[in-house]
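Each of the next two complexes has chain A plus one other chain: chain B in the first, chain C in the second.
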Partner chain A sequence: MTRQKRSHHRLKRAVAPYLYLSPSLLIIGLLMLLPMVTVIGYSFQNSAVLRRDPSFAGLKHYHAIFADPEFWASLWHTLYFTCMSVIFHMTIGMVFALMLNSDRINPTLRNILRVLYILPWLFTAVIIAVIWRLLLEPNGVVNSVLMQMGIIGSKVEWFSSTATALHAVTFANIWAGYPLFMVSLLAGLQGIPKDFYEAADIDGAKAYQKLIFITIPQLMPIIISISLLDFIWTMQVFPLIWITTGGGPIYSTEVLSTYTYKLAFSSYNLSQASASAVVILLISLGLTLFYIRYQKAR
Partner chain B sequence: MAEVILENICKAYGNNFRAIDQLNLSVEDGEFLILVGPSGCGKSTALRMIAGLEDITSGSLRIGGVDVVDMPPKDRDIAMVFQSYALYPHMTVFENIAFSMRLAGKPKAERKKRVDEIAKTLQLTSLLDSKPANLSGGQRQRVAMGRAMVREPAAFLMDEPLSNLDAKLRVQMRAEITSLQKQLGVTTIYVTHDQIEAMTMGDRVAVLKGGVLQQVDTPKRLYESPVNAFVAGFIGSPSMNLFEATMTGDELMSGTFAIRLQEAAFVRRPGLRSFAGRKVVFGIRPEDLYDSSLESGRKYQTIPAKVTSIEELGSEHIVHLNIDAVRVDSGDPDAVDDFGLASNAVARFEPISAVHSGAEIRLAVDDAKFHFFDPETHLAI
Partner chain C sequence: MMFRIQPAMLKIAAAAWLLGATGAMADTTLEFTQWWEPELPAGSLRAIMNDFEAANPGIKVTLVSGPYATTRDQISVGAATGTLSDVVGLDGAWVNNLNAQNALADMNPMMDASEFDKTQVADIIKVDGKAVMFPVASFVYPVFVNMDLAAQAGVTKLPSTRAEFLEAAKKMTHADTNQYGWVLPLSLQTPSGVQNDLMSWVWASGQSMMADGKPALEGKPVVDMLTFVKSLNDAGVISPGIATKTEQEKVEEFVNDRVGMMIDSLAHVNLIRKRNPKLNFDLIPVPVVENYNGKRGLPYASWGIGISAASKHQEEAWKLVQYLMSEKVNAKLVTLANAFPGNVNAKPDFVTSDKAFAKAFEIFKTGYLANEFTGLPVAEDLMTQFDVEAQKMLAGEQSPEEAAANAQKGWMAKF
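Now for the complex of A and B:
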């Protein structure tokens, strides 16, 4: 092979991977990177979108957001909503996965439970919101059952009271989201070699010891991965809250996504909304980097 | 005393399939017993029943004089080494070995002392902080042994513990486990499908087939006096050659050749005379067949044979031959059918043998080493 031919061949080999990647890179660039950069640009402009020649605003909108008590309330609600959702998704997902994986439960019953437990996953966020609005209505099923059981004395306005609204939307989100954990953990449980449990039986391990010393450590990579992903996704939940409470009453269920939406489409303050969106982006980015680092370390 | 006694042990599954049928076995205190048989013969099931990982359908099982049939595994005073080793990947070697002590709530200092002792015996001291993923196959095997030893059990149960190792390491670990067992003096039941392990490691070997015990004996006696054609074919590698022939007076007639039997053969086997004029199965091990052109083969009778292929192993030649006789199947489902269309016998020749593939030779047979079996029942005569 001549030198020229060889260098041509080398160039082709070097370029090929980028050619293969270029369609997806192009789509990601157009649909994700471009809007992101645009929003970041808006957050530094006065009257972004609304005026043809917006002036540079510096960090003005960021100052405004950080000075807004509503923003801090939304941030706190977002954290509460997210943390509680992730913790309960994991706990419920784990309990159900263990049940579905247990030999002690009759296989027919297990098959029925498997279908029942996965149901919330079949519904879109809008349907889930409507279902829970109906269930948690003052004259709804939940109130009447709780009253008949004597747990509550009078009808509770779950979504309309500032004391209960945040808990109620969090509850609905927990119900909607545990199947991801359940399915992932069930797959993980089925991958744990039976020998481990048999060796532990011979060594005299009780059921809870097998859970602590074998099952949970074996599932740890799945638990951490799914928790991080769930955290990232739940932080950005919008439709469920928007349809059930719309962020109310009196901002008691306002989260960063509804707060940003209202800034943009109720107040038409698109610059400030962009600044808020950038804050959400930065938090998500931080978590995503953490997730990627964890995945790389494995 | 920690003898293990199995009496009429049965394992039946729903559709009346019996994985183990009336197994009677008595393993003495400190004995190294090998359970061997082809795949699916029930040997692992039997071991798991002793461990308590499988229910016993009927029969009695005593370990150290205690009836353990209804006891959970942890109360049976046994330790098991699994084929996969079942080491916990998230625990270090130390934690793996110390696991049972930790479960039992033994204090840290005691755990450390005991694990250190065992690590020293097994040469694992420098590896105590490693995770199983960072160990070689042989090291993992030793950790699995350590985990069994730490319990100081009445009996060790080992389920094909060497099957995941490469051939060279297997030879080494075979010797290590044998000497460790002698050193510890703990009753050991060892399951394998590898008859070389069975022959080299055990004090006695129990051969199972289809859930039924065929023979329990020392490796030497198993090799020299198999009770039936299955044991004859299963023990020994390459397998014993088994053929059908007709007894005519004191001659074995088969196809175009006859072999005269010496009087001693009938003295040793009084039943053989009754087969006069009838068919009989005779067996001969590959090492009892000789190249008649060599010194070693001169003193024996010869029969015609055709060489089909030769495996030159350096120390010996495994010669595949075709002789004019009908081969008999020993009933080993795992037996590799190395008898291609052209070959029905295997011989081990000295490496100085000059026979070549395709040659018509005279094959010397040591008729004093013949084994005889009833063609109907396959039982030894």
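Now for the complex of A and C:
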């Protein structure tokens, strides 16, 4: 009886944590795992969603995607868009954070700059897309200013030319995303002990040496964490590109998200769209695992 | 006596209960999914449904309304899962896919059984011989001309042929002041510009982009149209930013006196007037090829209607379709929508009270409705493919013949 009671007690202790976790697990299961597994399932079916009796397709849709040159072009565009965005988000975020953390700038001006610099963060992707469409349209403000300054001789179709469209959407995304880095790095800068800089001053270190040997190493954990997160998020950007260019002109700004969307809602090929979505999932998953391992190592 | 009555009453009660339980005495409730209600004045579609219910005791209608894109997705999923509403609002671009899923009922037997007068409807959309959709309301696409810009440019006679259109567009273009003769929206986000602003030139001249139910994009009509559009582009008369321009931006440019001419939906007349009450504009049919004197095809978008193949109340659903297609009700509905009627005898009020609509109605009556994308498989995808090839041509990467040949290759794969 005593043994029975003890084993019952042990079982209760073992089960209790899972009972506490069960509401969260249920929500995660319903809202995340179930749709994910369903989409993975669709990617192995013919005429998924559109037929009541879809047949098994094996890896057919993955073969079709990997044989499609548009897929590889969109993968390349995604990588360019993401890498450039992350690099510039980090650089601009760092410059602005250093500026806002500097004692050499008047506190009132610093407060004004703080509000101005964070503004892009307050806008939704749709608003950002509309703003940049208006600014960069052939008869827009940017062309007008550049022509008056003599930098360009004729109107540039920023979003409508294959030569400039990808750079233009990347620029708009850089503008929209740097505040995340700026705010995170500013918090990190304010956490660096002043003693380090005082010791460096005593040793006669110059400003750039303090930046390279104190500031950046101290901020490195934040830089790596935010860069990885930014990489994952930027890879999945959809509304900004969809509203500004729709993936055009001539597929020049087609990224994985717009490619998948067109497969699903323009071609109604939901099986191939699911396969494409699974590829995006796998890339994101790889980056997420890398991020988790980095966080654990810290 | 009491003992005699009681069993009889019990029998009646039992029969009534049975009838009730099997639904024989209950009202039939039709579900009607569409995107029209949010686009009509508040409560107006419900009022029409109330009139239908009063005229057809025992039938109730539940409206399932949402924006266009949501309705499209809802109908796609409903067709796949067999849960499509009894009556559905349809866009012609969807019907091929829905028919492939056997989701739409053939209305031919219903028309025959009720001796429905087929001559009263403007069009019956058929796929594989099945009558699957009626256009209830049509939004035609004439050419809007900014009359002030035309007068300033010395365009006294509005263009009737493609050559006249090119000349008028050249005269109206002053690139230095951001003023252009024509506007062409070919954004890949909404590739409907292919249908409304490109293929409309083909249909206007009574030509076709199809032959024997298959694409014929390499044929003379489409190649000539592409050559004509290229000539407009080469002449610099098209407002810049073609590859990312949307229909909404097209209208904005016209409203702001930045383009002289545009092909656009008549549904935008009130919007244009609201945005710029001083804008002096007129409507003309889409110009045709030289020496063409036949009837002009008029591009259109429509609010279509069909019946679910899975509906258990097809008889009642057909009554609702008939009701909406009847002369008086159709006139009432299209008056509310500023559209042209699906019933050829219906005459909406606005055509007598409004000069622009009266003119458009004349164009409508002298031409015929033409939209060859209606009923085609994955119509939007076909437009996207054609859009990309047209963009390449306008960017100087290929000739009109190559654009047509590449589009043909892509389309054939979808057929």
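In the analysis below, the second predicted complex is superposed on the first by the 289 of 298 C-alpha atoms of A that agree within 3 Å, B and C clash if a C-alpha of one lies under 4 Å from a C-alpha of the other, contacts with A are read in each partner's own complex, and residues count from 1 in each chain.
Assume a contact is a pair of C-beta atoms (placed from the backbone, for glycine too) under 8 Å apart; a residue touches a chain by one contact, two chains touch by 3 or more.
What you are looking at is a predicted structure, and each value in this text was computed from that prediction instead of being measured.
Undergrad: So which one touches more of the residues on chain A, chain B or chain C?
TA: For chain A, the partner with the higher number of touched residues is C.
Undergrad: Should A:139 be classified as contacting the first partner (chain B), the second (chain C), both, or neither?
TA: A:139 contacts chain C only, not chain B.
Undergrad: Could you tell me if A:217 is touching chain B, chain C, both of them or neither one (first, second, both, neither)?
TA: It touches chain B, and chain C stays clear.
Undergrad: Pick one for A:203: touches chain B only (first), chain C only (second), both, or neither.
TA: first
Undergrad: Scan A:160 for contacts with chain B and chain C and give back first, second, both or neither.
TA: second
Undergrad: Check whether A:103 is in contact with chain B, with chain C, with both or with neither, and answer first, second, both or neither.
TA: Neither partner.
Undergrad: Quick one: classify A:251 as touching chain B (first), chain C (second), both or neither.
TA: A:251 sits against chain C, while chain B stays out of touch.
Undergrad: Any idea which chain A residues touch chain B in the complex?
TA: 193, 195-196, 198-205, 209, 213-214, 217-218, 220
Undergrad: Across the complex, what residues on chain B touch chain A?
TA: These residues of chain B touch chain A: 51-53, 72-74, 78-80, 82, 84, 86, 88-91, 99-100, 103-104, 147, 151.
Undergrad: Touching chain A in the complex: which residues of chain C?
TA: Residues 73, 76-77, 79-82, 97, 101, 178, 187-191, 240-245, 258, 378, 380-381, 384, 387-388, 391-392, 395, 397 of chain C touch chain A in their complex.
Undergrad: If you look only at chain A, which of its residues touch chain C in the complex?
TA: Interface residues on chain A, with respect to chain C: 49-52, 133, 137-139, 155, 157, 159-162, 165, 242-251, 262, 265-268.
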